[in-house]
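See the structures that follow.
Across the two complexes that follow, chain A remains constant while its partner is chain B and subsequently chain C.
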Partner chain A sequence: MAQRQGRFVLKLPNKPKILATAAVVGPKEAEGPHGPDFDNCHSDDYVGQETWEKAESVIHKEAIERAINKAGLSPLDIDMVFAGDLMDQEIASTLGIRELNIPFVGLFGACSTMALGLALAGLMADTHAANYAVASTSSHFCSAEKQFRYPLAYGAQRSTTAQRTVTGAGAAVVAANGPKRAPYIDAVFLGRIRDLGIKDAANMGAAMAPAAATTIIDFMHDTGTTADDYDLILTGDLGKVGSTLVRELMLTRENMDISKVHNDCGMMIFDLEKQDVHAGGSGCGCSAAILCSYIYKELEKGNLKSVLFVGTGALMSPTLTQQGETIPSIAHAVLIRSGC
Partner chain B sequence: MAMAEKASPNSPILKNAVKAFLIGGLICAFGQFLFFIYEKWGIDEETVRSLVPTTIIAITAVLTGLGWFDDIAKHAGAGTLVPITGFANAVVSPAVEYQTEGRILGTGAKMFTIAGPVIVYGCGTATLYGVIYYICSMFLGA
Partner chain C sequence: MAQRQGRFVLKLPNKPKILATAAVVGPKEAEGPHGPDFDNCHSDDYVGQETWEKAESVIHKEAIERAINKAGLSPLDIDMVFAGDLMDQEIASTLGIRELNIPFVGLFGACSTMALGLALAGLMADTHAANYAVASTSSHFCSAEKQFRYPLAYGAQRSTTAQRTVTGAGAAVVAANGPKRAPYIDAVFLGRIRDLGIKDAANMGAAMAPAAATTIIDFMHDTGTTADDYDLILTGDLGKVGSTLVRELMLTRENMDISKVHNDCGMMIFDLEKQDVHAGGSGCGCSAAILCSYIYKELEKGNLKSVLFVGTGALMSPTLTQQGETIPSIAHAVLIRSGC
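Take a look at the complex of A and B:
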């Protein structure tokens, strides 16, 4: 049964296993540095569908099915799925999951959703409320542009601080029991909303950085750890601006240099120089795709022993931005350890 | 906030301005070129004055539909936004994007989501100008 450690950290003594993961992405992500790590790369942004929203739901479903398959299970074995995306009413998740016949919990945490879903799946598996729980998220560049910004064919210039929404989905199967060597969830942390007054919707990295720093600091306080205790502190997805800021915030607030162990999914998924993506990647699918491919493989191999995955989300709404509101942000954390 | 501003790189203003000037200028020169051509074909000046922007609007609409216009505009910035090309693109791009929601509530309703404000305040300003012009001409007897 999960135990509270300090003020915010929830320790999972039964060490729920991450049995398998899968990541499915679009063509631009396939060309990125981690292209070969993904389970499937689609060459068509529409994925054979008529609309962007349906295309996103298809890759979401594909990621879940692939992860369940890799775990040697069928959808009937899954006790619950925690899923979310960026679309209004979570349509990519609901459309994708409606045929799978799995008890469904829709989540909204913007780009932090993968961490939130993984935390909840871990808690459920730890208490044996679920033998198998799935956490999954997706995002699609085109559906996100349509909902949050301009039509694709509109000739707008993007700001240098803007991040590109990743076309991709990731899913992880979390189990109450599993092989000893499988990576497991050691602790989870549910974040609080931070808002330091950033209004620029094209600079979400800056809006999210304080939330990420607060979560990392509180996690370390509660567990009595420092940056040296982790092989990797993986934020997702602060991008270039937010990553610089979170490192600076850690230095000024805690006098701690995390730069040696810190990386960011938004900086990893694209080649920032060659792919013209400005400040990097973003969207629920970004951290999900990186975590559920490269990072999971490294944990499986034992190359990474402990990863503090800090999912960061800008809880941005176009309506509130138009009303002059600042951007509330959040960061949830999951401590994943290698079973090796 | 100060920390966030420091970490956020500014847009390369000079480079953008030069590109906007060159591409914008090129579009205007193309307009002038059309003007000469149409006149040479013996079309009267008044018709040419509407024919030139109509041609540029048509070209923009086709380029938008093909998805090429945004690739040019990414570099051109104000160079494609300020001439009539910007307005045409602002109308056609949502019309294309929202086709999936149907002809009426998709294309029809969403067509003016970007260009709408320009039309509203453009007409508003024109009306205001007209009223001022009318009052002035009453007094000045022009």
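Take a look at the complex of A and C:
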């Protein structure tokens, strides 16, 4: 059973394995630095569907099916799927998963969803409540812009602090048992809501940075570790503004320089110089796609030994923005280690 | 650790206790048959707030605080809260929980959310991943009508199959250890998405009934039980139409008459003859309020020994309704037993 370490960290003594992962993205992401790492890159944002929402549900389902397939399993083998997305009523997840006939736990964590799902899947596999659990999530640039900001056809100019929602999906199969060499989940951390009063829906990095810093600090405090104990502290998705802020917050609050081991999925998925994406990528699909492709491969090879994956979510709502509310944020964390 | 029974049921051998519950409702619910059972009935739908969304977040937070208080605990004692609601981006939960500083797992399950949260809280407490976990949810008639159907000011006529979203919130504190006499969670069941092609957002009972029937049948099959083994099979919230359908489905598919032990939170919370609520109550807050008041008290007294609580959710989305999609539904189940 999970062992509590300090106040918040749950150590998973049975080391549940991440058996396989898959990432599926759209055309813009294909042109980014990690294009060759993804399992499939669609050339059409509609993925042959009539609407962006249905397109997102198709890539969500595809990521799950590919991950299950790579693990040598069928959907019938999966005990539960932890899934969510950015859409109202999690429609990309529900439509995508509807035909797979897998027990479904709907999650909401905005961009933190992949970390939240992975944490819960790890907890379930660790105690054998699930032999196999899937964590999956997706986002889509067009469906997200339409829902959260302006319709694309309106042609609104984006500010320099804005992040571009990634069109992409990622899925991971977590297992109670598996090959010794497979990457495994060593510990998980469920975050608390932070809100330092940011109201600008075009500056989510600033809203999420305090949540990320709090989670990293609490995780290190509970485990008695420092930045030197990790090959990579991977936030997702703070983008350029939020990444700068989280490093500054770590310096100010803890006198700790994390810059040597810190990277951010929103900074990695696009070439910020060449791709006109302002402050970088965001959306559930961003950290899911990066984690479930490049990062997982590096863990498999042993090039990365320990990755503290910190999923950051701006729990932003257009309704509350209209009511003058600030943006609550959260950060969940999963410590993944290489089995090599 | 959880023991799998059959294909889907997870038996919790450590019998996690439901230490305390609380239910908070609005004025219409106060006038219903269970008005005296609720912890607090507000006379004002706005609960002193400027908007319905903020009002819902206030009753959500109040239910959590009251439940924690009744358990003799403080928010700092709670290891995690599993919460969700009907609002886009779960805003009633996030605003309500923002100030409580409890690790937050955001859930989406529409009206099935209380059962889903209780299932996950039970799984966590059973393995001591949480010493104390809270499951909570809420809904609000005015915020839900505005978001899912028509603005109230529009004065649209409601069809006879329509259910009235309950203004209410419920919360339960689940603990790894507790008094032997406390009601406990014996088994949990995570549902799969069912969709038999219902498109009418004013007839959610029909959309959800097949999911409820599938869950009840699978639960009984896995555990080798029949209707006779339960004091109460409590669905929430099928209302009048869905309740009739689930009984018919059980007769047709299993040749099993559940009518003697079946009741539905949507039928219980209002007086359907006198309160002009059409097909009954619905919304996350409906089953949460009934379970966390009257049902819990009956379990505490031992008047009910075994309750199969089947939370049913219509994963309905206005966006997908506009795109001609059908309504995916789900039903999660929790078997609660009296400790007496």
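Convention: the second predicted complex is superposed on the first by the 340 of 340 C-alpha atoms of A that agree within 3 Å, B and C clash if a C-alpha of one lies under 4 Å from a C-alpha of the other, contacts with A are read in each partner's own complex, and residues count from 1 in each chain.
In the analysis below, contacts are C-beta pairs under 8 Å (C-beta built on N, C-alpha and C of every residue); 3 or more make two chains touch, one makes a residue touch a chain.
Just so we're clear, the structure is a prediction, and the values are computed from it rather than from any experiment.
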{"item": "Comparison of chain B and chain C by chain A residues contacted", "value": "C"}
{"item": "First, second, both or neither for A:T244, with chain B first and chain C second", "value": "first"}
{"item": "Which of chain B and chain C A:D88 touches, first, second, both or neither", "value": "second"}
{"item": "Partner chain(s) touched by A:Q275 [first = chain B, second = chain C, both, neither]", "value": "neither"}
{"item": "Chain B versus chain C as contact partner of A:N101, first or second or both or neither", "value": "second"}
{"item": "First, second, both or neither for A:T51, with chain B first and chain C second", "value": "both"}
{"item": "Which superposed partner A:S306 touches (first chain B, second chain C, both, neither)", "value": "neither"}
{"item": "Chain B versus chain C as contact partner of A:T319, first or second or both or neither", "value": "second"}
{"item": "Shared contact residues on chain A - chain B and chain C", "value": "50-51"}
{"item": "Of chain C, residues touching chain A in the complex", "value": "1-2, 4, 8, 10, 50-51, 53-54, 79-80, 84, 87-91, 94-95, 97-98, 101-110, 116, 120, 123-124, 127-129, 147, 190-193, 195, 315-320, 323, 325, 328, 330"}
{"item": "Contacting residues of chain B [partner chain A, same complex]", "value": "1, 3-4, 7-12, 16, 64-65, 67, 69-70, 72-74, 76-77, 80-81, 86, 89-90, 92-94, 96-98, 100, 114"}
{"item": "Residue ranges of chain A touching chain B (in the complex, touch as defined)", "value": "50-52, 146, 150-161, 196-198, 203, 206, 209, 241, 244-245, 248-249"}
